[in-house]
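Quick one: structure below, then a few questions.
As written, the chains take the letters A, B, C, D, E and F, and residue 1 is the first residue of each chain.
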Amino acid sequence: MMPDLGKYATSVLSAYGASIAILVVLIWASLARSARVRKSLEAFEAKRKGNG
Amino acid sequence: MIALLLRDLKIAVRAGGGFGLGLAFFLIVVVLVPFSVGPQSSLLASIAPGILWLGALLACLLSLDRIFALDFEDGSLDLLATSPLPLEGIVSVKAAAHWLTSALPLVIAAPFLALMLNLPAAGYFWIVLSLLLGTPALSVIGTFGAALTVGLKRGGLLLSILVLPLYVPTLIFGAELARRGVNGMDTQTPLLMLAGITFATIALLPFASAAVIRINLR
Amino acid sequence: MIALLLRDLKIAVRAGGGFGLGLAFFLIVVVLVPFSVGPQSSLLASIAPGILWLGALLACLLSLDRIFALDFEDGSLDLLATSPLPLEGIVSVKAAAHWLTSALPLVIAAPFLALMLNLPAAGYFWIVLSLLLGTPALSVIGTFGAALTVGLKRGGLLLSILVLPLYVPTLIFGAELARRGVNGMDTQTPLLMLAGITFATIALLPFASAAVIRINLR
Amino acid sequence: MVLKVKDLAVSRGGLTVLEGLNFTLSPGQALVLRGPNGSGKTTLLRTLAGLQPPAAGDIVGDPETIAYAAHADGLKPTLSVRENLAFWAQVFGTSDLSPAIDAFNLGTLLDRAAGALSAGQKRRLGLARLKVTGRQVWMLDEPTVSLDTSSVEQFAHTIRDHLKNQGSALLATHIDLGFEATVLDVSPYKAKLRDLPVLEEGLL
Amino acid sequence: MVLKVKDLAVSRGGLTVLEGLNFTLSPGQALVLRGPNGSGKTTLLRTLAGLQPPAAGDIVGDPETIAYAAHADGLKPTLSVRENLAFWAQVFGTSDLSPAIDAFNLGTLLDRAAGALSAGQKRRLGLARLKVTGRQVWMLDEPTVSLDTSSVEQFAHTIRDHLKNQGSALLATHIDLGFEATVLDVSPYKAKLRDLPVLEEGLL
Amino acid sequence: MSERRSLWEYANPRKFMGLSGTILPWITIAGGVLLVVGLIWGFFFTPDDYRQGSTVKIIYLHVPSALMAINAWFMMLVASLIWLIRRHHVSALAARAAAPVGVAMTIIALVTGAIWGQPMWGTWWVWDPRLTSFLILFLFYLGYVALWAAVENDDTAADLTSVTCIVGSVFAVLSRYAVNFWNQGLHQGASLSLDPEENVADIFYYPLLVTIAAFVLIFVALVLLRTRTEIRARQLRAYMARERMQ
């Protein structure tokens, strides 16, 4: 399954690893913030409706 | 006292300042070095420990004026000085807050920048160790300098000039420690000297800083 | 306009600031380099042009926040903006005042510091020429950065971060010009590039600076 | 008429503070803005002085006729009182300092550094600046802060003089200044909170 | 008696400004300092608060009982009103903010950043700080600057309350505050220019 | 004027939220699928290069990320200009939303480039024109993000960052075209040019195209998502500001 990467295995694997890790962090951070902001906005609008 | 520390940390985080900016400055200085001395990598590696120390020192230096100036300008310092907190405690807390917000991030970032300067990986440990040991002295000495210049509008440059000579011993032994460590030489002497400087300044300088603040508030 | 220039020069002289302090900072940085990279004189001479440029650049940088911040804090900038002077003129005068008080002294002092770094005497001309040609760009770019951060309390570090990347091209060609000159190599390309950068920034950036000031005063 | 305001709305920090303002200022007229703290007087003055754009409505008038005096006096602490005044005179292209000096009794302080003045003395210098601008419309934000009674009297006298010479003045203040002026209470113009500044409501 | 001043002389910028001051401040008493601009009120207050040493004479009193409010309010623009107050409460070892908030009507502003307040709102926050210090002697330098009439009324009310609880207050002001107080005019104590501050005359 | 619906309608926050909400899932799915396909294709099913060995596989990450790092800045430039000229808030918020994505792309390009450089050039880093201007662009990204964070008032921040973006574009242009100006430096020239002579071998080229498309889609998806977040955050700030005024 795994292709033979020869003597450059560490280079290639670390490049893939680092890139995917950065992408994952970016996506996770975007989603987390999206959820957080969305929740607080909903809470805020709900509270306002409740108040009248 | 804790309240003061927390407030200062909060302000630093809130201003988006503290952490990020000092770091970015450090990064930029280290990046500029190759531009200015030229990019031969052997030359770079040989001056790397020195450059990292110099960059960290300058990044610390630039954030010094925040220590007291804002509090002085908006009158907080007058009010703190007439509060129940001892002035020696106040300056120590200020130094601690400076170290946490400005110096610690530099220590953590140093290995990554060392990479850009082609420093061999074995040297990272020594870079971090020497910075970790030396930067508290930079914060404490800097606090003294900030206290000296607190009355002056835009005393930034004067502050640098007063503080830099005081930084020289720390820089010499810190960079020496890093250099020797990187080259695998004996590190005991600079290590002891650096630790000595740090502990001595932490123990003694807050009294001087407090006295100087008192004078400046008159 | 002239009145503004004279006032700024007067304030700089009166504060004991302008001339002396930037210079002293330059001096100290150049003195610290041997401490941090170690004192082998061949190594020093080879990095001397770069270090001189870096030191001059940092000294310029540190004095940038004075350009507008004081006028902003005490309300002068509001009053100047509502005065008959065009804002583009005001920012240009500010840049000129900064160059005269902060950069010019560095250019004059550079040969003396070059001596400390074991630079061969033949190189002095090139050091001075490259600084003379490059520092106006540093002042103009710095004025732009100062205008960007004028509303922010202690925007000093942010200022550095915004300005330093813009300084890179000037630094590269300035240091390159000095290095080539010192080593007797062909200097035409960096000379033209440096002059080009300086004139382009002088011609264009004041408009950006004025726009940014207007935004910040809102 | 030197200044005419039509349906003006002003905003601060992204929120409309006052709206629906309509008034005119004629030569020889003084208009005093009143209103509780935070009602938007400073914001209105800054907008009229051209330092920030109006949120809505029109301001008809030549900004080149306005001299604005903010809360901060724009003094350089290291320059002397005379140098501070002379600088502003040059900027505004006038040259005679003596009326300004006499009006605010600065004669004895002329060679003092502005940084070594007391709060009230600084304020007097800041007000003297107005006289050297030679401009017709004065916009003053709480001009009498820190002034003692005799200085307030001097100030009122100066304003009366200015009005007599077809000048006009727009002042924000909480205390009585001792001269006749039209009063404009800004509180009725407080912006309704009906719309959000940028976005629509219930957007989610 | 919480503060007693004997033959006090105070100096500013190396020159004696006031001299021969004698007065006492008792619990429940308010003392208002009056005097024209530049007469030395600020200098006197700073000296009494312990920020600068007296040029001559004695101050009998415990600096630990004094809460000083200068012209500048010591507010952090990026912290909210509540955070600003809470900080000072912690520094002075008290914990209940609500009396201070109520006294100066800050309830609606609590979550606002202090930097986004109007001049008068800032001042109110600065004054509210006094209440959280829990100290007995308040020293106030022109406390009502920028306040509108209803806020001045609130302030006077707070002071009266404070006096009723055996507190005392020392105020420098140019305008009437609307409560009963002993008035001390500092002008008669203006320092004669007879001696040089440091060196003896004819020293050459 | 005309009955035709104008593109500017989508500068209205509500319209934008509606449209972006509908297309976001599709773009996300498409981007994710293409990324997986492209990377698996590139990693498992392409041969080693005769000179570069297996390191050639890094191309599938390096080139798309470097491309997007620069394109993100151009997108921000356009958004900034729209804000400055037409003052559509969505546009300013989109620029704000794109910057951190651009930063991440830049970091990926820098990291993969450095890792690739070690075996190819024998060093992590060289100071050639493209790399240098790319690094400056990275620093500009940091300053841009810091400026957004540092300025309190949203409109002021949008104005200031727009000017910064315009000034920084000089370096975006340089990092793409510097190789054309100075024919020095170690870094690869245009391997994707239309001239078939200069193209990399087809066998590397097709999976590369797939990953480039994937990065573009992922970028668009992230920017849409983050713009939606920024709009909500702006809305929230506006509510809170209004609340405080009462």
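We adopt the following convention: a residue touches a chain if its C-beta (ideal position, glycine included) is under 8 Å from a C-beta of that chain, and two chains touch if they have at least 3 such contacts.
Since we're looking at a predicted model, the values are computed, not measured.
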item: Chain-contact steps, minimal, separating subunit D from subunit B; value: 2
item: Smallest number of contact steps required from subunit C to reach subunit D; value: 1
item: Common touching chains of subunit B and subunit A; value: F
item: Interface composition of copies subunit D and subunit E: same or different, split at half; value: same
item: Chain at maximum distance from subunit D, centres defined as averaged CA atoms; value: A
item: Chain pair, most C-beta pairs within the contact cut-off; value: B-C
item: Geometric centre distance via CA averages, subunit E-subunit C, whole Å; value: 44
item: Whole-Å separation of chain centres (CA-atom averages), subunit A against subunit F; value: 16
item: Centroid spacing, where centroids are CA-atom means, of subunit C and subunit F in whole angstrom; value: 32
item: Inter-centroid spacing, subunit F versus subunit D (mean Cα positions, whole Å); value: 48
item: Residues of subunit E touching at least two other chains; value: 71, 77, 116
item: Residue list for subunit A, restricted to those that touch at least two other chains; value: 38, 41, 45
item: Shared-contact residues (touching 2 or more other chains) in subunit B; value: 15, 17, 21, 24, 28, 31, 35, 70, 153
item: Complex contacts: residues of subunit F adjacent to subunit B; value: 114, 123-127, 132, 135, 139, 142-143, 146, 149-150
item: Touching residues on subunit B, where the partner in the complex is subunit C; value: 15, 17, 21-22, 24-25, 28-29, 31-33, 35-38, 43, 46-47, 49-51, 53-54, 57-58, 62-63, 65-66, 69-70, 153-154, 156-158, 160-161, 164-165, 167-168, 171-172, 175, 179
item: Interface residues, subunit C side, partner subunit D - complex; value: 2-4, 7, 10-11, 14-15, 71, 73-76, 78-85, 217-218
item: Contacting residues of subunit B [partner subunit F, same complex]; value: 15-17, 20-21, 24, 27-28, 31, 34-35, 39, 41, 115-116, 118
item: Subunit D residues touching subunit E - in the complex, by the definition given at the top; value: 13, 35-39, 42, 71, 116-121, 123-124, 142, 145-151, 174-175
